[in-house]
């Protein structure tokens, strides 16, 4: 197998990521194959953070002084960038959260709070919530808690043997009682890219909301929320070369307007009186307290970086890597892919098990060779339960990943097998 | 302080406001509040045919919001409703232009002194408060929707 | 008035804060008197952030690889530092949130959720919530929403004319029906430092929980949660020379154990099954999703910095500044202090109004001279309502504030008066 | 790989476990699961007077958790309950010492091979799984609290 051509100049890309020069124990170069867990950060993002803190740092939306104006302009400018990235119809539809989990919880909590004026946005007994068996825990637990609080039923799509959503029962599963369907765009454990259009079409028929978890898709491909047709989209900054501590909830204005407030506090208000308060319009309604200012600005720089490289080209590069990785892994005796074992509708995240070697041991031995992968259930335990395995080893790729690094993974696996053989 | 937000014109209007005080008769009234700073204004509009015969106002707030009401009175009293809305639109565009819009003195008169305010997002609301109340009051006068409207301007 | 002696070498301290060299429009040096809004950041914190991102960046608690171990060790090490800072009995009692507002909301939401096993931790009709009229909106709105959701009553302490809590009705206000008292330690608008001991003593009598909002006290003085006797304490990183995007909730283990989970998601779980989930012990139970990793580590560096300088000395320095500022401001004709006009139980935040000049104009004109203050209601609108004013101008100090800067403020006010005279 | 987590001794115990398999009679049993990685172990303890006459176990998991159970069996079978708890305490301290604790070969025997594991917090749980189940099973045997306990080890 020879490495296919990539649309990216990966050597040049790698120069933007200082951590990739890191040497690990035993002077091994870092082979970072854990980007689905968190991505590395380019100098452009780090410089933006430093520049903000050393030149413009101030609180936003509250100051009439120059630093405050500068900081506010940068923060709101980041909102513009995020809106453009996902082609949001309005910048006001971009809500900054601390991570994707908060974004998902925001929707679950506000629907469960019972505070919405419109009953369409209030969960209660008789209502149904639908997720899938391949969700990240952050898209399962909030809904289980919401169901418990409200008496709504919690239901889910199962998975087929080859790692895809079992849509055969969609007509029954999404029905007139369904208030919301919340599903992942690209699975963080299987790599599967879901057929959002089919789910959206059925949800439209019954008037259910659709929340898409884009944590693993927004970083890796061009996204157009209108074309997707969903009502809400959650994603997270640290997986898209941005800082930790920042996430995004996008929602159609009509939906965000209808949801009651979530966290209460400074700046999400219109006016506060001890006898009652009114709330600001979106996006501020959902941004209580001092937001992650520097982190939002850093995420704006990350968006500039990603669009500068080109998300279509990043996507293509990753498809090349994934095809190569599947070939390489399938060629290692005793390695079994968990998830789609073909290039059809899948992204650059590949989970696998190695016969007779526990994933912990696989990961640890790879680490001793400098190859960083993730092992465990990847916060998607029901997937492991579904496939009857305790855990998997997962390699995940990004714009800075090279074909050589996949070779290093394959070589490492041969060594793992020799070691435990 | 030549780069100052506080152009002579603004200070003049603030210290010597034109047409201040609520007058009768009027066709529509609107009371707007900026909840972030507590500025408030009441604007009354009297219309005869298609002509705005009086814009009267009262309120309290910072120099920008008060001077802006004075300029509003001066620019719009005696114009047609159509012209008034055109001026309002131009002024709003100037304010929301983040300092990138070139002010047109022919249309805005003393209003061009507010061009600098556009660079201070926190103060734009102050400058627009009376203008939004005006729009509201005029709409009420035209539709005969009753005399008063209470609103919080964001 | 001559400037009193300070226990700090402020000139040296200022060298640690690069932004203080910033020149503003008109080549004015920056006179930053807005630290109660957000503080500036020392190089030590910025270097820690950069070092983390360029050498150790990885997700925490999920990886067996070296970067993951390093990142986890740094993140958990920050928890140790925060625990030591407030003398928490256990490091597990430190919960990282995105800001103080989230910390306050966490308590309000979990009490209101009805999911606690122990009815003591469930708000309902007949229960009472007590706050004060000097709370930040972040400690008002969450409780108003909680009251609305649960039917509990929302009550509050009023204020005396000189800016203090009116404790005369404490016996009635905190009674057998009171489930929680949530109050601010130091007011962000008045500077008042509240008599926590009296409130705690009464709350103990009736078995009510006490949540203290330490957003404006933890950055400025040594804190000992056990000595304070409260059950919960919220504070925020960006006001204590730390990054934005990070806050802390401390709670006694027994209380945190009894509260149900708040945000659901990755890593706050023990095990997830589609049919139900169980939750991790504290602190992880309350840390859903990828936490603000770099921000927590940066806050750890901020704690090191503050304790290196000495919080007792910082406190003493600020007391000196405040006494000096009160003298200077009282000497300006037409300036009226809103809040305690003496040094008794107050911190380094001074609000005032200037006769005949709107606070917006005061703030703007000061800014034109390079003096950055905050104007408005400072997210504590009920205080302005109480004192019958639309807004105030607020100057707030920190370890890097000089006596010269207070002179600059007083000079600026003379100019404001001339301008609008 | 001399710095490796995987010392020869650990690998030996993993590939050739000592005393594996659940045996009768026993006084107490405990089943522990590590929810993060799915490792699980069942430990049975038989006690005669103050002597632990047998520690038997079965389970599945990574090499660290399995080898640790084998070492556990070897160290504690035949000792007094008191001594066993002392060994357990020493082993736990070693594991939780973040690599700062010097292992005592007299007390821990082959257990000292796990010293390197202490530097990997994510793996410490693996090494301790069987030891926590052992403690639990012994407590049950001593109190006669019934034979089985199910627990998730955090």
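We just call them A, B, C and D in the order they show up, numbering each chain from 1.
Methods note: a residue touches a chain if its C-beta (ideal position, glycine included) is under 8 Å from a C-beta of that chain, and two chains touch if they have at least 3 such contacts.
Small disclaimer: the values here were computed from a predicted structure and weren't measured.
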Chain separated most widely from subunit B, comparing mean CA positions: D
Geometric centre distance via CA averages, subunit D-subunit A, whole Å: 38
Inter-centroid spacing, subunit D versus subunit C (mean Cα positions, whole Å): 46
Centroid distance [mean C-alpha coordinates] between subunit B and subunit A, Å: 46
Distance from subunit C to subunit A - Cα centre to Cα centre, in angstrom: 31
Two or more partner chains touched - positions in subunit C: 25, 63-64, 68, 269, 271, 360, 364, 375-376, 381
Multi-chain contact sites of subunit B, meaning residues that touch two or more partners: 35, 120, 123
All touching chain pairs, where touch follows the definition stated at the start: A-B, A-C, A-D, B-C, C-D
In the complex, subunit C residues that touch subunit B: 25-26, 358-361, 364-365, 368, 375-377, 381, 384, 390-391, 419-420
Touching residues (chain side subunit C, partner subunit A) in the complex: 18-19, 22, 24-25, 30, 32, 34, 37-38, 40-41, 46, 49-50, 53-59, 62-68, 98-102, 104-105, 108-109, 113-115, 133, 136-145, 148-149, 156, 236, 238, 243-247, 261, 263-269, 271-274, 276-277, 288-295, 360, 363-364, 366-367, 372-376, 378-379, 381-382, 385
Residue ranges of subunit B touching subunit A (in the complex, touch as defined): 33, 35, 119-123, 152, 154
Subunit A residues within the subunit B interface of the complex: 61, 63-64, 68-69, 72-73, 269-271, 278, 280-281
Touching residues (chain side subunit B, partner subunit C) in the complex: 1, 3-6, 11, 35-39, 60-64, 120, 123, 126
